[in-house]
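In the two complexes that follow, chain A is the common piece, with chain B as its partner first and chain C second.
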Partner chain A sequence: MENVIIASNLTYKYGDLVAVDHISFEVKKGEIIGFLGPNGAGKTTTFNMLVGLLKPMEGSAKILGMDVLTEIKQIHKRIGVCFEYTNLYEEISVLDNLKLFAELFGVKDFDAYKLLKRVGLQGKEKEPVLTLSKGMKQRVMIARALVNTPDVLFLDELTSGLDPVSSEEIRSVILEEKERGATIFLTTHDMYEADKLSDKVAFINQGRIVAFDTPHNLKLKFGKRKVKVLVKGKDESLLEREVALDNEETPRKIFDLFQSETVVTVHSEEATLEDIFIEITGRRLAE
Partner chain B sequence: MSFKNILILSKKEFIVGSKSFIFIWVLIMPILLSFIMSLLFGTFFSRSPRLGLYAESPSQILEIAEDTKAFVTIKYNSVQDLKDAVSKGRVDIGVVIPKNFDEDVKEGIRVNLESYVFGESYARNRAIIVTVLGNIIREIAGQELPINVISLNVGDETSMPLKDRFFPFLVLMAIFFGGLLIPSTSFMEEKRRKTLNALMTTPLEVSEVVISKIITGSVVALVSAIFTLLLNNAFGNYPLYLILIIILGVLMASFAGVMLGFYIKDFAMLISVMKLGGIVLYFPAIVYLFPQIPKIVAKFFPTYYLLEPIVELTKRNVNFSSFWVNTTICFILDIVLGVVVFLQVKKLERGELFS
Partner chain C sequence: MKAKVIKALAKKDINLFFKNKFFAMITVLGLLVYIVFYFIMPKTANEKLGIGIYSNIDLTRAVELVKRTDTEVILTKSGEDLENIVAKKEVMAGFVIPSDIVDRAKKGETISIELYTPYDIEPELKDAMEYIGKELIYAEFGYGLNIESKNIILGKDLVGKQIPIRDRMVPVFIFLLIITETLGLASVIADEVERKTIYSILVTPATIPDIFVSKGIMGLVTTFIPAFLFVLVTVGFKNFGNLLLLLLFGSIFVISIGFFIGSISKDMMSAIAWGVLFFIILFVPSMNVIAPGSLTEWVRIIPSSFLVDSLHGVINFGDSFKEIYKFLLALFGSAAIFFGVSTVILRRRFQ
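Showing the complex of A and B:
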């Protein structure tokens, strides 16, 4: 399968601070890649270099076979970008916002109503953006990123600060886009989102990619399975005990637990991406 | 560069801009000030004197009166029409020229002129009409005035009425309010709200965004300036030249506006810059307002070369040699500013302002 995004040694500095430090990765057609890392890790800087808002200081990147330094306007015709912050024209209506961008992309027979229905905003077409809630604005942002039916979607912190229902609806739109064949570059510090949406996850920390694989492989490679046991304490309160699996001591520890304490529940658990991130970097994603 | 994209963006600028306070303010402010000045100095309600004439037989009075600039002459086809016009205030005075009037006055026969006076007309207007009409009749009778009036100006523009001295300030404000504020605030807002980032991830070129803002600022400033001229009855005898100069002015203002927009981060900073820069922009107008200040000082300020041709065309007899010199300097200033804007656009295209 062809590589739609190829980044080679991408580097960017803000003064003396190296925000992105020689990172390289590839994304195949139709894949969703999740860039996972805490705030300040270099996710948005990488995002901005790929969409042409920042010029890489070293290295290069190709999107759809075109160089971001020399062919960015050709690239822009075929990508959709959704930013972390709301940057809509708030004074004008939802419909006018979408129509403006459809005209700028030269989209013929643009059906804004159909697109707004997809993101759950039917009936809100004529409303000025400034009257919408944050979740609704984010849906308009997604709709705007889709006006030109892009081959590649760049999504920065897609569901940051949204309620669970809005987040879930937006995720389902993204999965529909994947079904359509779009390639998706997603930055997030939400390990649940990365796990749920991404075909591949890149852990980025202090400007460097420290791990890059499918969530499943990462869990196999770095994760430690464990058993979580809830036991009753002396004052009838519930206490949590963890026993690591894949260990010679495991059978004896579980036996001891059952013998010495009143076991309420037993659950086997696999490592989360957050656990793996902490194991690799020593940092939490929410930092 | 795509003209279609520039049109789409300009339309967006007008739609989004028209909902902002700044946009409405820059359009209304010069017009409002013109109204205030006109109310204070009485331009609206004291129009030029108007004389209505009905001649029972052909008379030279009609031609000579039409040529005079002291009042407006309107001819009527009957005494009744003339009376109606006077009673409705369309003219200040209506005069019936009797049969064989020219011949009679040339022969020295005393003729009675029947005239109708609109009761609410200004005494000033009546006095002007009666005096000038008397001179015209003397001319027809072949009589010369027994006196020579020698006029000596005391000072220069100090003798100009305050309204006329304030006029350059109004024009400059109309041009620079819209031309400067609209592109600068629009650019500043696009950066602050990061809508510029959204535009820059579409196939748009930076130059298209910049040109659309220059067009919007220029159009609003042009409309505002034309309204100001209309309200001050100051289109003069060369309206096309005047509009040409104003176009040079609004371009100068819009170029400066986008330059400000590139660097200014918020409204407070813009106001600070405008306070400092205002003296550079408006100093030539201040020189007109206070003619005691030597005019040569104004020549050190770029807006002088815009203002002087406008004032020449609107308020005085035009001296075309100095007019073309000043207009050429104004044009050169536009070219220089245009080149600076172009270089900034190239810098933006290299992404240096986004970092």
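Showing the complex of A and C:
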């Protein structure tokens, strides 16, 4: 399968601060790559270099076989970008916002109503953007990124600050795009989102990629499986006990628990991406 | 640059400009108010009657006599001072009376007195001034002399073309109409950067030059069209070609100022604050049109003087292309500098 995004030694500095430090990765056609890291890790700087808003100080990147430094306008014709911040034209209507971008991309027979229905904004077409809630604005942002039916989608902190329902609906649109065949570059500090959406996850910390694999492989490689047992305490309160799996002592420890305490529930649990991130970097994602 | 992209961006910019009720209102109201001002101003000029005299000889008696006719008399210390007060229209005319007037009169020579008049004095007033000059000499010396009046016209020789105040104000109104639009243009630019909407455009096939050209088109719509309508109502088709050229170059100049203000402003409020400051500075040269001679040559360092002076010349004196092309070049050059600096600042801000 062809590589749609190829980053080689991408580097960017703000003064003395190295925001992105010689990172390299590849994303295949139709894959979703999740760039996972805490605030200030270098996710948005990488994002901005890939979409042509920042020029890499070292290294290079290719999108759809084209160089971001020399062929960025050709690249822009085939990508959709959704920023972390809401940057819509708030005074004009939802419809006019989308029509503007359809004209900029030269989209023929653009059907804004169909697109807005897809993101759950039917009936809001004529509303000025400034009257919409944050969740609705984010849906308009997604719709705007999809105006040109892009081959590659760049999504920066897609569901940051949104309610769970809006987040879930937006994620389902992204999965539809993957089904269509779009390649998706997603930055997030939400491990649940990265786990749910991404084919591959890159952990970025202090400007460097510290791990890059499928969520499943990362969990196998770095995660520790465990059993979570709820037992009844003396005052009838519930207490939590953890027993690590994949250990010689595991059967005996579980047996002992059943012997010595009143077990209420037993659940096996695999490590989350957050656990693995902490394991690798010593930092939490929410920092 | 792609025409369809620029068209889409310009349509959006114009739409956003008129969505802002404040800017929409000042554009429409400005046009209406200045047209009303023009029509309620007097159609004719009414100048104060007064004369200036420079002479080394004692003219006490003559001055007293003239003053009795309700004519103001100002005695100056030099010929240069006399020229200045005539040019500033503090008096209607100035007389230079030679110190050897009596000796030459005795020899029977014809005496020449210099009469300074402003360029736009009416012929009847000029005749009256010559008469006053002769009466002055008669009053002082008690007998008529063989006097030959030598007229020196200060400024353009436009005898008989006295400019009514409303016509004098037309260039100022045009300038006010178009300079006001810098606020709107600057705000749209500053807003685009502040709200980061510009980034959403930059990740489409639109380029930075496309964005600048579309903003320029929006600027032209909001500056040139109101000024053009105002000219049609007030001036009509007089010297139309030159006037259109000036409106176009003036609009381009003002757009460049709008770009510059937009590039240095953080948000709409700072754009308005900077806009007011630039407005005050750029308005100064207009004072020379309202009250000629009120400012010295230093005012030429303010580039709006090229616009106001040339508008004044074209509208009120029928200046030809030959007379205004230097102003057009100066306006274009100033605009190029402001556009250049703004481009550098804006590129630095969003890249």
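In the analysis below, the second predicted complex is superposed on the first by the 287 of 287 C-alpha atoms of A that agree within 3 Å, B and C clash if a C-alpha of one lies under 4 Å from a C-alpha of the other, contacts with A are read in each partner's own complex, and residues count from 1 in each chain.
In the analysis below, contacts are C-beta pairs under 8 Å (C-beta built on N, C-alpha and C of every residue); 3 or more make two chains touch, one makes a residue touch a chain.
These figures come from a predicted structure and were not determined experimentally.
Engineer: Record, for the superposition on chain A, whether partners chain B and chain C clash or fit.
Structural biologist: clash
Engineer: So, does A:A143 touch the first partner chain B, the second partner chain C, both, or neither?
Structural biologist: In the superposition, A:A143 touches no partner, neither chain B nor chain C.
Engineer: Have a look at where A:L88 lands relative to chain B and chain C in the superposition and call it first, second, both or neither.
Structural biologist: After superposing on A, A:L88 lies in contact with both chain B and chain C.
Engineer: Go through the superposed model and pick first if A:E103 touches only chain B, second if only chain C, both, or neither.
Structural biologist: Once the two structures are laid over each other on A, A:E103 reaches both partners.
Engineer: Scan A:V4 for contacts with chain B and chain C and give back first, second, both or neither.
Structural biologist: neither
Engineer: One more residue to check, A:L50. First (chain B), second (chain C), both or neither?
Structural biologist: In the superposed model, A:L50 contacts neither chain B nor chain C.
Engineer: Now that the structures are stacked on chain A, which of 61-69, 79-87, 97-105 or 133-141 shows chain C clashing with chain B?
Structural biologist: Answer for the clashing stretch of chain C: 79-87.
Engineer: Looking at chain A, which of its residues have contacts with both chain B and chain C?
Structural biologist: Residues common to the chain A contacts of chain C and of chain B are 51-55, 73, 76-77, 79, 81, 83, 85, 87-92, 96, 100-101, 103-106, 144, listed in rising order.
Engineer: Under the stated contact criterion, what part of chain A meets chain C in this complex?
Structural biologist: Contact set of chain A toward chain C: 51-55, 73, 76-77, 79, 81, 83, 85, 87-92, 96, 100-101, 103-106, 144.
Engineer: Using the touch definition from the top, list the residues of chain C that touch chain A in their complex.
Structural biologist: 4-5, 7-9, 11-12, 15-16, 19-20, 195-197, 199-207, 351
Engineer: Per the contact definition, I'd like the list of chain A residues that touch chain B in the complex.
Structural biologist: Where chain A meets chain B, its residues are 14, 48, 51-55, 73, 76-77, 79, 81, 83, 85, 87-92, 96, 100-101, 103-106, 144.
Engineer: Across the complex, what residues on chain B touch chain A?
Structural biologist: Those residues of chain B that touch chain A are 5, 8-9, 12, 15-16, 19-20, 193-195, 197-205, 350-351, 354-355.
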